[in-house]
Each structure stands twice: as structure tokens, then as C-alpha cells.
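Take a look at the structure below.
Chain nomenclature is as follows: A, B, C and D, assigned in order of appearance, with residue numbering initiated at 1 for each chain independently.
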Amino acid sequence: MSGEAPILSVQDISKDFVVNRRVLHAVRRVSLTVPAGRTVGLVGESGSGKSTVGRLAIGLLPATGGRSVFQGHDLSQMSARAMRPLRHAMQIIFQDPQASLSPRMTVGAAVYDAMAIHRLGTPKERWSRVEMLWERVGLPSSIGTAYPFELSGGQLQRVGIARSLAVNPALVVCDEPVSALDVSIQLQIIQLLKTLQDDLGLSYLFISHNLAVVEYLSDTVVVIYLGEVVETAPVEALFRRPSHPYTRLLIDSILRVPAPGAPLQPLTAPVGEMPSPFAPPVGCAFHSRCPLAVDRCSQEVPTLRAIDPEHWVKCHLAD
Amino acid sequence: MGVFRYILKRLVSILGTISAVLALSFILMHYAPGSFFSSANLASAMGTLRMENAHLYASYMQMFRDRYGLNLPLWRQVLEYVWHSLSFNFGNSFENPSVPIMEQLRTAFPISAGLALGSIVLALMVGFPLGVVAALRRNTWVDSVLTTLSMAGQALPSFVLAVILVLVFGVWMPGLVPVNGWGTPANVVLPIVCLAAGNVGVVTRYMRGSLIESLRQDYIRTAEAKGVPYRSVVWRHAVRNSLTALVTVIGPSFAFTVVSTVWVENIFSIPGLGTLLSGAFVDDDIPLAITSVFLLCLMVMGMNLLVDLSYALMNPRVRLE
Amino acid sequence: MMVPAMGAAAAGRAASARTSAARRAWARYRANPLAVVGLVWVLVFFLLGIIGPWVAPHGYAQTNYLMANHPPTWAYPMGTDSLGHDMFSEILFSIRFALEIAIFASLAAFAVGTVLGLWAGLQGGWVDASLMRIVDFFFAFPAYFLDLILVTKFGRGMGPIIFALAVTGWAGYARLIRGLVLGMRDGEMVEAARALGASPLHVAARYLFPNVVSNMLIALAFGIPGDLTVQAALSVVGMGLNPPLPSFGNMIAAAGGNILGYPWLLYWPAGIFAVTLLSFLFVADGLQEALNPKGGY
Amino acid sequence: MADPPLLTIDALHTYFRRGTETIYAVNGVSFTVLPGEAVGVVGESGSGKSVTMLSLLGLVRGRVTVRVAQAQFKSWDLTRLSRRQLEDVRGRDIGVVFQDPMTSLNPVMRVGDQVMEAMLAHQYAPPQAAFRRTLDLFREVGIPDGAARFRAYPHEFSGGMRQRIMLAVAIACEPELLIADEPTTALDVTVQMQILSVLQALRSRRRMSVVMITHDFGVATNFCDRILVLYAGRVVESAAVTDFLARPAHPYTRGLKGSILEIGSRGRSLTPIAGSPPTLTAPPTACTFAPRCPFAVPQCAEELPQLRTLSAGHQVACHRAEEVLDHVG
């Protein structure tokens, strides 16, 4: 990881929201680096702030603190207008492609519009590129005249991917792109994302709650809990030796299909629920649910420290 | 936030709005051609009185000058006017200077307020069940008839309906109910029907729509899955939820009822605020005109407050703010 | 980027998709018989408004005292009023004036409301806050009373009435479009467009506007009969269009007083006016169903 | 296993009228549920898995036609029950938990009342007893401080807590059959584990049968005794979990199992099933999976495969099941 130039470098980024006059620390000093051509997986439960990190990373939301540097541009120092010409290089695909497309625009026009915004090519060239993109993402060319509500979830996600590809991005933030899809369709989309990365050299910031998908696609994994990074490591290291109790909890909560003859997984309830982000626990944010917690955990905030080169854990007890 | 603080807050905001209304009206009237609000115009308007009774004329002139502060700069006049009005000191009317406006309003206001409230109660009592029936029988002929009728009720302004009723009960079948005047219970029938018709249409249509929407919700299926009898599913779960939706859209229509009262009173010759108001506008009796507008606006705002309060009380998710 | 020939074909397809969306909306509209009947009458009403002044047998101010309060005859097919005006001609002119007032007032209010509402919704902050304060004021102060005061001040001609209706009408449109824009502004569709690099203007023109335009048209369709109503209602308290300019409000109000003696004075004005309002509402309702098949009630 | 089945369904068909089209959602589904058994009904969206269970209970919306040859629950023939009688069975003898806990509870009714209502509707307990029992139920499904939470509204709870409330509603009258329609799909994995463990405890404590509708094979295999795979409104395979794991006999089952992405899949090449499931606008006359099937032969495009028994407790609807079983992979 260290050998490649990072395309995206998020440094100590934070985001506070004010909700009903209460401050919500949605993201707290998160750092991550996406090397060119690689995938960083961002994992957490709903409400962990992972989607907010994705938006902060590409400057769709202004950060409260810290900065995000994309291809050498410090986005936190740039106005929305100044960022616009950069946008073709950093794209995002959403969990619900239906909501991200205009219901009054054919999907062909939606992809066309992406190019029109950046004045890429002549109108004729744009339309022919739309045709080419349909093929690229595995859709029939007749799809262009359809409206979003006429398509299935899998087709819509392909449209979303085609639209982000239309402007030749270098980085794509994938915000739960397969969560709403059926398993067989999920696999098709994952395969497509993988092929596109190999062919086009894309970098991904892949946000998901699904550890298996993240493991499959990512080179590096960042685990986030209550807006904080609790563990980050290269993908093999993280799954070989998950070192934060929360990472272990996430992995243990996954129900696997047992191998023939193997025993079933015990259904044992993990302790507690994610606390309200308005009132995170004092000390280690995870101590209220941690099976290993000691007194120190409820008093002292752990620091993110390396237990191996490139394997960082935010836990007093990790070795 | 508690209910009382909420009400207090709303009352303060009503006070602000009504002051703005008064100030705006006063300024507009001040610059109107033939404005009452200048000593010269006042003097010429009371020319006849001067010739008949110079002493009375002088005392009236002084009274109006004092009341409206006509010798003061305009901004002081506005403040004086707003302040007097807010303390329900409306002074005397111009057409009938010996009688304080309050005296005229004391009988007129309850009539109009009663008509408006009565018609709303009637509209709710009729429209609510009709809406429920239309929703439960949706896409049947019952639904089509009710929907069409309620659209007709909504489309026809009360004054058109009023003249049609006068035609029917005055010309075609006279003697059934009085089409004119005030004083007996029978006099109330046609005006209230006229006023209620539009709101019956509105309540029926919105109730139908929001009940159909409620019946589609997941929690209705949960209630059915529990084995709650369908009647209870409809009444305890669906209707309860659609009422909160109904209340959010019904406010403007109920407020509009106050305006309709003005029209209906005029057509049925009912001595309420509306008749007073139209007389005042036609006769350029500006103090009386603005005062009646002021009271009618108060009625509208009170109505809106009631609607908002009932919404907040019905919906546990709303914190009063 | 290559093969330009394919591009033209695709462009053609995109255009045909747009017309097919319109065709589907029209099919839904046609399926509603009341809306179709309403539309027919509204079109007839507009036609009469256009040709009325030319085909009217008498002028609107032309009186014939000898024939005052006369029941219908061949020369006066709808009778005459107390001044001997030909009711048929009066009605034809009334349609013209009513339409002029309602359409100009509605369009003015619509234009002002749309611009201000879009601005408030997109800009947010103090612009939004102060604009909504003003809008709240207009909702708390019933438009009709303000109309009365304005007409008292500026007179009872066509111009002043149009002005009064426009002054009190814009707030509703502004609030509607502001709400719609606000609902979409922070949604994923706009976020996606911004992520593509679209400028605020591009977002407004290509994403927000196409998604609010049908709601705005529906509001306008409800607004026109609303203005017809208020305009006539001014006559009820004696503050309507200045005679001798004829208006439905004046005719209905006048007939209301004479109803026992001369009921024919009421039949046509009240009948046509009622049918017209109902037709406009059916059209508006039909549009609502045709353009927003899922939303609203 | 000598007990007679609790629920026996034979040849269930459900059709929807949508606009001018008819959607054939369920096309002859047959299965049984034994007392105490947990049956997993798996399939992709549109496979008819929810519609199958909900149409038995009269809970399907829209213009819907349900035809069934036999629907026996305990001693009742569900097809012959009046609406009133069916309402009585629902909630008392058959409980239902739905997918989305955020929308499945009435937002303007206190959660305690929503649990009590289930008991009061069936005269299961008088109000006082129902109130006490509601508190017990809250404890049983893991809602702390039940007495204080009784008067709270749904929006004051997290998604996981709301699903626990839904569970309390569903089991309030101690039903013998619980239908769980994707009960954990909308929840995080840690919360899913909590809900499933509550469900499993309830099941073993009460010897309650559970029909678990899910698209998640991990949930189905770890929770259930038997698995029913649905495709395009038909049962394509029915097997005990051991058979399902060791000898899947339908190409679709195999395809789905191959589509599961689990930790450890990294570096493996993916083999998604090509194409997408059909929406049936006509009743199926041939194998609906044939167009996507690597084993398809001309017979598959002509003849509708019937559910046939391969071995005890293992049924499959495929002309080529034997070849599929012989195929290693």
C-alpha cells in the first residue's frame, strides 16, 4: 500500500450535525487512504457514519474538521464551484439507484446528462458513448428509452454504474451498491465492479455493512463504530486476525451456510445495542457492549495504535 | 414544550400578525382616495352634520381626532390605531357616530362566529362518515357518487349555492324554510347548509384519500394479522391515523369558512359581521370596515390555532414547538 | 467516442420516450369521464370568451328601458335586467372579462410565486426564513379581506382587481414550490446530480424543475377557478367589477335581490358560472390524476 | 415425527390483477409443516415466498385470487372458514412477524396497547391479566424496563427493539405456528443475531412451529429443520437441511448456493446465475428456470416438472434431478 501514490487521502475528518439543537458527532477524526487502482472497504452497522465518510471524502458534504485530499487537491479548501470540474474524476454510486435518478428522465438521458454537464464530446458522440456504456455494464441498448420506474433493481444499479462511468472517473465511492439486491443479482454487480476495476484501473471506496462483500472486493478494510475508526488493516490480516472486539462481533454475527456435516452455528445473542450517537459512552465507545471490557475501558479513550505494520486497532486490550 | 407554552407562543405570534394586518390596512386606507383618515376629509364627510348641529359636529370631530390621532405623524397614528384596536377600543363608526363600534359588534360577532363554527361541526359530522364510506367502498358506484358530489360541493362557492337555494326555497317551493332574515331557528337552516356544503366536500374527499392511504400501510396488515376484527382495524387503526393526516390539510378550508360567512350573511340578510362589513365597505365607513376585517381575521387565526392544536394532540410524534 | 450514426438513432428514441410519457398521461386523463366533460366545457368557455364580444347582439352598456326586466324573447334570448341590458350579451362579455381577470391574475401570481418559491427553496437560510414569514402572513390574513381593502384603495376596475388577486395569490404558489424543492434539495437525486458536477442552475433546470412542473400546473389549474370565485365574490359585498362592466358576480348578486320577481335573471348567470367552476375543478382533478398517478388525493 | 402435520397445503395458486395484466405469483405450491418444526422458505424477490404464506391468511392486498385444493391447519379447513373465523385463527393460532419493524407498528398507538390488543381481540385474557402478560412478554423478548416502556410509542424504539415488540405481538396468544416474513432483513447482523436467538428460545420453550421466509441461506440453514426453495411461484425443492447441504438436487438451488458470498470467498471466481427471474403473466407450462439452466434439455421447455420424491423427505421439481445430483461441483 505504501508503494503506490494515494488517489484519495482522508485525514482526521470530522462531521457534526445539529439535530433539534443537539450536536451529533456523526464522524470523528476518521483517516483513510485509497491507493490508485485499489479498493478500500469501509464497514460498519447502520448509524455508524460510514455513508457520511463517503460523502465527506469527495466533498459532497463540507467537513467540520480535518481534510480530504483527492489527486492532490485539498477539497476542504475548495468551494463547491471550484470542485465541479474535478467531479468527473470522483463519482459515487448509491444504494437506491431509483432515488438517485430523476423519475422524469429516461435512463439514457440520465447517462447523457452526465457527459453534458462536463461538456464531453458532441451530442452525437455522447449518444454513441451511451450505447457503448450499456454494453459495458451488460444492458441491452434498448434500455435507454426506459424510465427508472420501469426497470428492476439490478438493471437500475447497472444504469447507476453506467452514469458514473460516463465521465471517466478515477475514483468511485460505492455506497452500499448491492445491499438492496437479491443474492444472485448482487453477485452479478460485484463481478461487474471487479471487471470494471481491472479494465479501467478504477479506485473504489466501498462502503457496506456486508463483511463478505467487503472482503471479496477490498484490499484494505476500515471498520467504523459510532463515527470512529476502530480497526484498519489489509484485508487478509483483518480477517485472519480481527483484533478489535467489535470487528470480532461483526464477524461472529454472520450466519454462514454450514458445510455438509458440519455443526450449525449457535444463535447466541450479542450484548446490547448501538448506543445513541447523541450520547456516546465515555471512554471507549464500544465498552458498553464489549465482552472483554475492564475498568480502564470506561474511563480512558483508547488510541488507534499499530499492532502490526499497517494493522491499527483502537482498543486497550489488543495485542 | 408544554401545551400551555405552545398556546402562549402561538398567541404571541397571532398578536404579531394581527398587528401587521392592522397597520397595513390602516396605511392602505390612509392613502386611499377619499380617505377617512384626514381632518379635511373627515370635515367634508360630516358636512351635513355641521349644518344641522354645530355643537355635536365639533364634539364628533374632536372624538375622531383623538381616537385616530389625526394631528400626529403617520407612524404615531398607526401605532395608536393598532394599540387601540388590540385593546378592543374601536371608537365609533362614521356612518353612525353616536354608537361605538363595539356596540354594533356585540350582536354581530356571535352570529358570525356561531354560523362558522356550527357549519364546521355540521361539515365534520356529515363529511367524516361519508369519507369513510367512500374509502371503504372505493371504486364502486357509491364512491363515484360521493366523490362527484363532494367535488361539486367544493367547486360551488357558498354565494352561488345560496342564491340557488333562495331560488329553490323562495320561488319553486316557498314556505318550507325562510330564505331571508334572522331570529328564528328556521332561519339558520339554509345559511348553515350553504356554509357546510363546501367543507363537507373537502372533508369527504380528504378523509377518503387519507383513509385509503392509511389502509395501505404495513401496520394495518399487522393489525389484521393479530386477528383484530376488520371493523376495529378500520376504526381503531386506520381512521385514527388518517385523522391526523386530515387535520393537516383541513386548516385552510376551515379558515375559508369565515370568508364564506361574509357572503352567505349578505345573501340571506343576516345581521352578522359580514353584512356589517359589506355595508361599511360600500359606504366607505372605514373604521367599521377595518374593525370587522380585524375581528374576522381573529376568527381565522383562532380557527388555525384550534386545528394545529388538535393535530399536535392527536399525533404523538409531534413535539409542540 | 465513435459511430455517430447510432447516436442519432438513440437521440430519436429518447425524444419518442418523452412523447410516450405525455401520451400515457393523456390516456390516464381520458379515462376519467368527468375530466373530459369538464375539459370540453372549459374549451367552450374559452372560445366564448374569445369570440363573445364579436357575436354579442348588444353592447354590454347598451340599455333599453322599455324592455327592462323582460322575460326571454327572440330578441333577448335570456331576458333583460332592470336596466334593460340584454342578458345574453352581458353573459358573453362577462365570460371575456372573467377570463381576462382570472388568467392574468393567476399567471402573475404563478410567475411571482414560482420564482420566489424556487429561490427560497434553493437558497435556504435567511432568504427562505424571511420569505416564509411573509407567506405565513398571507396565509393568516385571508386573501379575500386584503382583496377588499386593495380594491377599496385602487378602485373597482379590471386592472386593480387583477392586481389585488395577484398580490394575494402568489403566496400559495410560493409555498408549494418551496416545499417541493425543499423536499428534493437534500434528496439523493439532487445529491447524485451534484456528485456528477452539475451546477446549481443545471440542477434546478434539469432535475428540480421537471419534477415540480406537473405539481405547479395542477396548482395553476386549481388557482384559476379560485380566482374566478374570489373575483365574483367581491360583488357579493358590493365591491366587484365596476358597472356597467358586466360580471357574473354582479349579475348573481343583483339577481339574488330580485329573485322573487324575475327569477330568469338568475338561471343563466348562476348556471353557467356554477358549471364553469365545476368544469375547472374536474379538469384540475383530472390533471392531478393524470400527471401524478401515485400522489395526492 | 409421527404426529400429523400442523399445516398441510396442497396446490395453492395466487393471481394478481394489475391493470390489464394478470400476474401469476403462486402456481401450485404444496407443503406441510409438522408440529414444532421450523421450515425455511427461501427464494429471491418475486419468487412468491411471502405471497404463499400471506394468501393463506387472507393478508394479501390488491385484486387477488387465491385457489387451493387443500389448506388444513389443525382441525380447520382454512378454505372453508368465514372471514370472521379466519380472523379468529389469525393472531391466536397463527402469529405473523413482518419484515420492516419501522412501519409495521401503528405509530399513534402505545406499544403496550398493541400487544394487549392481540389478546383482547381473541378474549385470550381479561384486560388485567393481559396487561400483566404483556409485561411478561416484554421480558421474554428482551425489552428491558417493560412497565415503563408499555406506554411509549413505536418511534421511541430502535429497529431491533421494534422487531422484539412485533415478536411479542405475534406470540401473545401462544400460537402454534409463527410465520416470520423476512424478520431480520432490515436489521444489522448483530441485531439479526439477537432477534434469531430470541426466536429460537421461544420456539424451543413453546414447541412452536415456525415458517421462516427469508432470502438468506445462512439464516435458513442455521435456524430451520427443513428448507423449501421457491422459484417463480413453485416449490422447486424441499429437503431437510442435511440433504439441502449435502445433496441439492435442483439446478436453481445449486445456483443460489453458488451465489452465496461468504467470508473466505476472496479470490474465488464468482458464478452468478445468469439472467433474472421471470414475472409470470401466464400460468407456467414448462420449467420456468430452463432459460437460465445449465442442465436444460428440450424436454424442460415443453413439460412442467412436478414435485417428485428423490428420497425420504427430499422432493424436487426437475426433470434432470438425477443428472444434477451426479454432477460434481
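As a working rule, a residue touches a chain if its C-beta (ideal position, glycine included) is under 8 Å from a C-beta of that chain, and two chains touch if they have at least 3 such contacts.
None of the values given here were measured: they were computed from a predicted structure.
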| item | value |
| --- | --- |
| Co-neighbours of subunit C and subunit A - touch as defined | none |
| Distance in touch steps, counted as few as possible, from subunit C out to subunit D | 2 |
| Farthest-lying chain, centroid of Cα atoms versus that of subunit A | B |
| CA centroid of subunit B to CA centroid of subunit D, Å | 55 |
| Between subunit A and subunit D, centroid-to-centroid distance (C-alpha), Å | 32 |
| Inter-chain centre distance, subunit B versus subunit C - centres from mean C-alpha coordinates, in Å | 23 |
| Residue numbers of subunit B (touch at least two other chains) | none |
| For subunit D, residues contacting two or more additional chains | none |
| Multi-partner residues of subunit A (each touching 2 or more other chains) | none |
| Arrangement of touching chains [line / ring / star / complete / other] | ring |
| Chains that touch, pairwise | A-C, A-D, B-C, B-D |
| In the complex with subunit A, residue positions of subunit C that touch it | 1-4, 6-8, 10-11, 13-14, 16-18, 21, 187-189, 191-199, 202, 206-207, 210-211 |
| Of all residues in subunit B, those that touch subunit C in their complex | 14, 17, 20-21, 25, 28-29, 31-33, 148, 151-152, 154-157, 159-160, 162-164, 166-167, 170-171, 205-206, 208-210, 212-213, 252, 255-256, 258-259, 262-263, 266-267, 274, 277-278, 281-282, 284, 289-290, 293, 296-297, 300-301, 304 |
| In the complex with subunit B, residue positions of subunit C that touch it | 34, 136-137, 139-142, 144-145, 148-150, 152-153, 225, 229, 232-233, 236-239, 252-253, 255-256, 259-260, 263, 266, 270, 273-274, 277-278, 280-282, 285, 296-297 |
| Subunit D residues within the subunit B interface of the complex | 57-59, 61, 83-84, 87-92, 95-96, 98, 100, 103-109, 114, 117-118, 121-122, 153, 155, 166, 169-170 |
| Interface residues, subunit B side, partner subunit D - complex | 216-219, 221-230, 232, 236-237, 240-241, 244, 314-317 |
